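Take a look at the structures listed below.
Here chain A shows up in two complexes: once beside chain B, once beside chain C.
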Partner chain A sequence: MTYTDVQFLFIFLPIVVVLYNLFPKKHRAKVLLLASYVFFGIISKKLIVYILLATGIIYGCGLWLSKLQNKRDNILKDAEKEQKKEIKEKYTKKQRRVVVLNALVLLGILIVLKYSAFICTNLNSLFDVLNMSFTIKVPHFMMPIGISFYTLQAISYIVDVYKGKIKADKNIGRLALFLSFFPQIIEGPICRYEETAEKLWEGNRTTYIGLTQGGQRILFGLMKKYIVVDRVNPFILEVFNNYGHHNGGMIAAAMVLYTFQLYMDFSGTMDIAIGVAEMFGVKMPENFKQPFFSKTVSEFWTRWHITLGAFFRDYIYYPISLTKKCKNLTSAGRKKLGNYYGPMLASTIALFSVWLCNGIWHGSDWNYIFFGLYHFTIIFIGRMIEPPVKWINKKLKINSEAFWYKFLQIIRTIILVFIGELFFRANGLKAGLEMFWKMITNFSLKPIINKTILDYGVDKQDFIIMGVVLVVIVIISLLKEKGINVREAIAKRNIVLRWSIYYLLILSIIIFGCYGIGVTPLDPMYANF
Partner chain B sequence: MEKLIEILEEINDGVDYETCTTLIDDHHLDSLAIISLVAEIEDEFDVQIPTVEIVPANFNSAKALWNLIVRLQEEG
Partner chain C sequence: MKEKIIKVIVFFLILILLMIIISYPFIPKNNSKESGMHDSDVYGILGEPENSIDVIIYGDSESITSFIPLKMWDEYGYTSYICGTAGQSMPAVCKAILKTTKTQKPKYIVLEVNNMYVHSGVTAPLAKIVNTVFPVIEYHDRWKELKSEDIFGKINYTETVNDKGYHYMGAVTPIDASDYMIYSDDVQEIAIEHRVYLRLIKKYCISKGIELILISAPNTKNWTYQKHNGLDKFCKETEIEYIDFNIIAKEIGIDWSHDTGDLGEHVNIYGAQKVTSYLGNYFYNKGKIINHKNDSKYNEWNKIKVDY
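Take a look at the complex of A and B:
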């Protein structure tokens, strides 16, 4: 069962909404928790034990940290001024051990389940290269859906308790719901404790606005999924699985369409997740902010999968770049190289770590690691050349604020993103490199001119329908860029216009959606990461 | 406050720091600038900025940043 299934939309969700509201306020959060475990149990069966284990671990570690913090504070009350620093350091060390233990267990489970096959396969290849007659049996573990997402949430909770940003939760039910809330469990968004935990546990009644606006958001997500994602899938499967039979033009088309598909699938799932949460009075963080209007790749990643980028920024980038050693590097660098290039070394160390983790997080294959390091390289080069580019612009009197300049920056960013996504989707790094090479050396627009592009499961009508959806998305994105909240604007219109829009959305899904016999719906793409 | 604005102008001089309240949201200060800014503030004002304080609310305007510095100085 996924969020776009009929069973979820017409059976599971309505039952949960009704039950949630039938129960008194103090029991509603328990209904949500039970529903979340039922949902997780349906999709992951006995693997539910892993999320229960993660909940138990962070609950225990949180209380352990809290106990250490209370003990420290009590000792500090009676301590002399000169002793305070020593006491603080002693307890920081103790707390740090708890955090490391917690991270080792949570990440250890993730590594064993997700990466052990990849690690063993590569070790065997290494033994082979070294002519060692030794092989490790490659293990294959079943991985619970959403483990990459809830593990990050669990780590963020413990780190935030350690840093004193939040207090350890004594209520295991609240913590369990924070980790397992069913709309976010498959693909996120990766929420922070202070963003959702309290609100989820409040158990506020479903409001008319929450129900209707949440419903609109769900419909919007369903439109993306049913009209685009499954429609374009046959073409993408064909080209990526048989790229040897296709020229560079077809590969470029598949690369563009895959990026379009991924955006529609992931942002569509986020629309549904956020819409469902709204029905229970919970506002989840947004995961997309018109990413294709970004002027640099760096900016793109502050607009695409925002909660993952924010996690890496807050728990890897700043903690590394602001360590004592990195701060010393920055101070020394600034004296010699000035304000711009001075912090570059410390920042680059942190940036490399972020993108390596980003690549590895997405999957256990070399193409994902390449995907991460590709972005690191692009962002690093972008940073290095920024001052000379500014200097050239000044000398040539080019206005970098002009529309045409920003437009070219956006196009450049989109092309760089497309290339990254080609490696991301490719069936391994070798395939990715071969596809990229073919795109350069064997590029031709023949498949489009002689219309053979239409022979692989996506015909002219499909392209027109997807084109219309694309136009709608671009218009909505443009309005959002101008600060217009489309949903609020619709809500302010009269009832006839409002319901006309809703019906139009519903009808477009019924008429133009891909479902039924002969259609194999694509599972949520990010669920595999 | 004047010293802080001076530091900010050294890092990125194309912004009106007296009025701008979207330094992070509008990408006037990127992650590289933040590292530089934190190092400079720590040296200049003798404070330690913990990573939990590096949030848009504290860095979106010169005023918010100044409030953070004052608070950290008071906390010792």
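Take a look at the complex of A and C:
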């Protein structure tokens, strides 16, 4: 069962909404928790034990940290001024050990389940290269859906308790619901404790506004999923699985369409997740903010999978940048290289770590690591050439604020993103490199001119209907960029226009949706990461 | 609050109305595959003259390989039609029965019960109901091929299928059936949802004056004595006739070294001939159907026989 399944939309969700509102306020959160575990149980069966384990671990570690903090505060009350620093350091060390232990256990489970096969396979290759007659049996574990997402949420909770940003939760039910809330469990967004936990536990009644606005958001997500994602899939499968039979033009088309598909799938799932949460009075953080209007790759990653980027920023980038060694490096750098390039040494180390983790997080294969390092390289080069570019612009009197300049920056960013996604989707790094090489050396527009591009499961009408959806998305994105909230703007219109828009959306999904006989729906793409 | 509830109700009523209106262009105007009809093999019967079929058979792949309507015509002059299809689930059987008995009033409905031990899930029946009420959902993929006649034309089912739903299997792949249908007292109960379906079908048949017969086609791969006991028990409880060809396989002369085309999962044409002869004789003994061979209204059947 996924969020776009009939079972979820017409059976599970309505039952949960009705039950949630039938129960008195104090029990509603329990209904949500039970529903979340039922949902997780349906999709992951006995692997539900992992999320229960993660909940137990962060609950215990949170209380442990809280106990240490209370103890420290009590001692500090009676301590002499000169002793305070020493006491603080002592307890910070103790807390750090708890955080590290927690992270080791949670990440350890993730690494064993997700990466052990990759690690063992590569070790075996290494042994082979070194002529060592030794092989490790490659394990294959069943991985619970969403483990990459809830593990990050769990870590963020513990780190935030450690930092004193939030207090450890003594209510295991609230913590469990924060971690397992069913709309977020498959693909996020990766929520912070202070963003959703309290609101979820309040158990506020479903409001008319929440229900209708949530419903609209869900419809928007369904449009992306049903009209685009499954429709374009046969073409992408064909080209990526048989790239040897296709020329560079086809590969380029598949690369563009895959990026389009991934955006539609992931942002569509987010629309549904956020829409469902709205029905329960919970506002989940946005995960997309018109990413294809970004002028740099760096900006792109603040608009695409925002909650993951924010997690890496807050829990990897800043902690590394703010270590003593990095601070010293920054100071030394400033002296030797000036105020722009000086701090870059330390920030590059942090940036590298972020992108390595980003690549690894997405999957256990070399193409994901390459994907991460590709973005690191692009962003790093972007930072390095920023001053000379500014200098050239000044000398040539190029107005970098001009529309055409920004437009070119957007196009450049989109092309760089496309290339990254080619490696991301490729069946391994070797395939990715070969596809990229073929795209450059064997590029031809022949498939479009002689229309052979239409021979792989996506015909002319399919392209037209996807084009229409793309235009709709672009218009909505443009309005959002101008600060116009489309849903609110529609809500202010008269009932005839408003309802006509909703009917048009619903009927478009029904008529142009890709479902029914002969269609194998694509599983949520980010659920595998 | 009351106003908001009314608003929601009105919104959905208009949506339902729109879906009904918009459905018409999507409904195939003929019952052929070319016209866009799904399961056109099943619905070839819609092109048959009204009330001209004596026996309609439903079920999964067992149903389409185990009976030969033209042989039954040849031997007894009875008209029969197989409206089964591979993997036909019980919700699909129900839908097919409702649709096909709109134009036919058969004396017998024969249901092959191999699918009785396969769960059909919760959403399948809902999907069938929704598809029936709003054909646009089932036939939405026809948006690419809609023509003006789909909007303004009338529904007129004219396509008939010469084999009357039978799927020919001529291969011979012998199987050792020595451990097949070993006697047992154990009972494998049929799934609860199928009990409901069968009771509903029986009720429907009674209301239409049709006799319901359940049968199990010969099948060494999927059928067991325990399954037989489960069906037999249910049929005795509900007073539905049940013929298990696996029990009488020897009696009707099924030879597993010759009569199967896929190692016992389905009978081939030789096995199907034996099953059909038995079933024809069974109907003959019941005496409810008359031989139409000399009836000029059924001349088409004689012609097809020659073609076949």
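Going forward, the second predicted complex is superposed on the first by the 529 of 529 C-alpha atoms of A that agree within 3 Å, B and C clash if a C-alpha of one lies under 4 Å from a C-alpha of the other, contacts with A are read in each partner's own complex, and residues count from 1 in each chain.
Assume a contact is a pair of C-beta atoms (placed from the backbone, for glycine too) under 8 Å apart; a residue touches a chain by one contact, two chains touch by 3 or more.
All values reported here derive from a predicted model rather than from experimental measurement.
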First, second, both or neither for A:461, with chain B first and chain C second: second
Chain B versus chain C as contact partner of A:347, first or second or both or neither: first
Which of chain B and chain C A:213 touches, first, second, both or neither: neither
Partner chain in contact with A:163 - chain B first, chain C second, else both or neither: first
Which of chain B and chain C A:330 touches, first, second, both or neither: first
Touched partner set for A:510, first chain B, second chain C, both or neither: second
Per-residue contact with chain A, leading partner among chain C and chain B: B
Partner chain in contact with A:184 - chain B first, chain C second, else both or neither: neither
Touching residues on chain A, where the partner in the complex is chain C: 6-7, 10-11, 208, 459, 461, 499, 502-503, 506-507, 510-513, 515-517
Residue ranges of chain A touching chain B (in the complex, touch as defined): 160, 163-165, 298-299, 302, 313-314, 317-319, 321-322, 326-327, 330-331, 334, 339-340, 342-344, 346-347, 383
In the complex with chain A, residue positions of chain B that touch it: 10-11, 27, 30-32, 34-36, 38-40, 42-43, 49-52, 54
Complex contacts: residues of chain C adjacent to chain A: 1, 4, 11, 14-15, 18-19, 22, 26, 38, 122-123, 126-127, 136-138, 140-141, 143-144
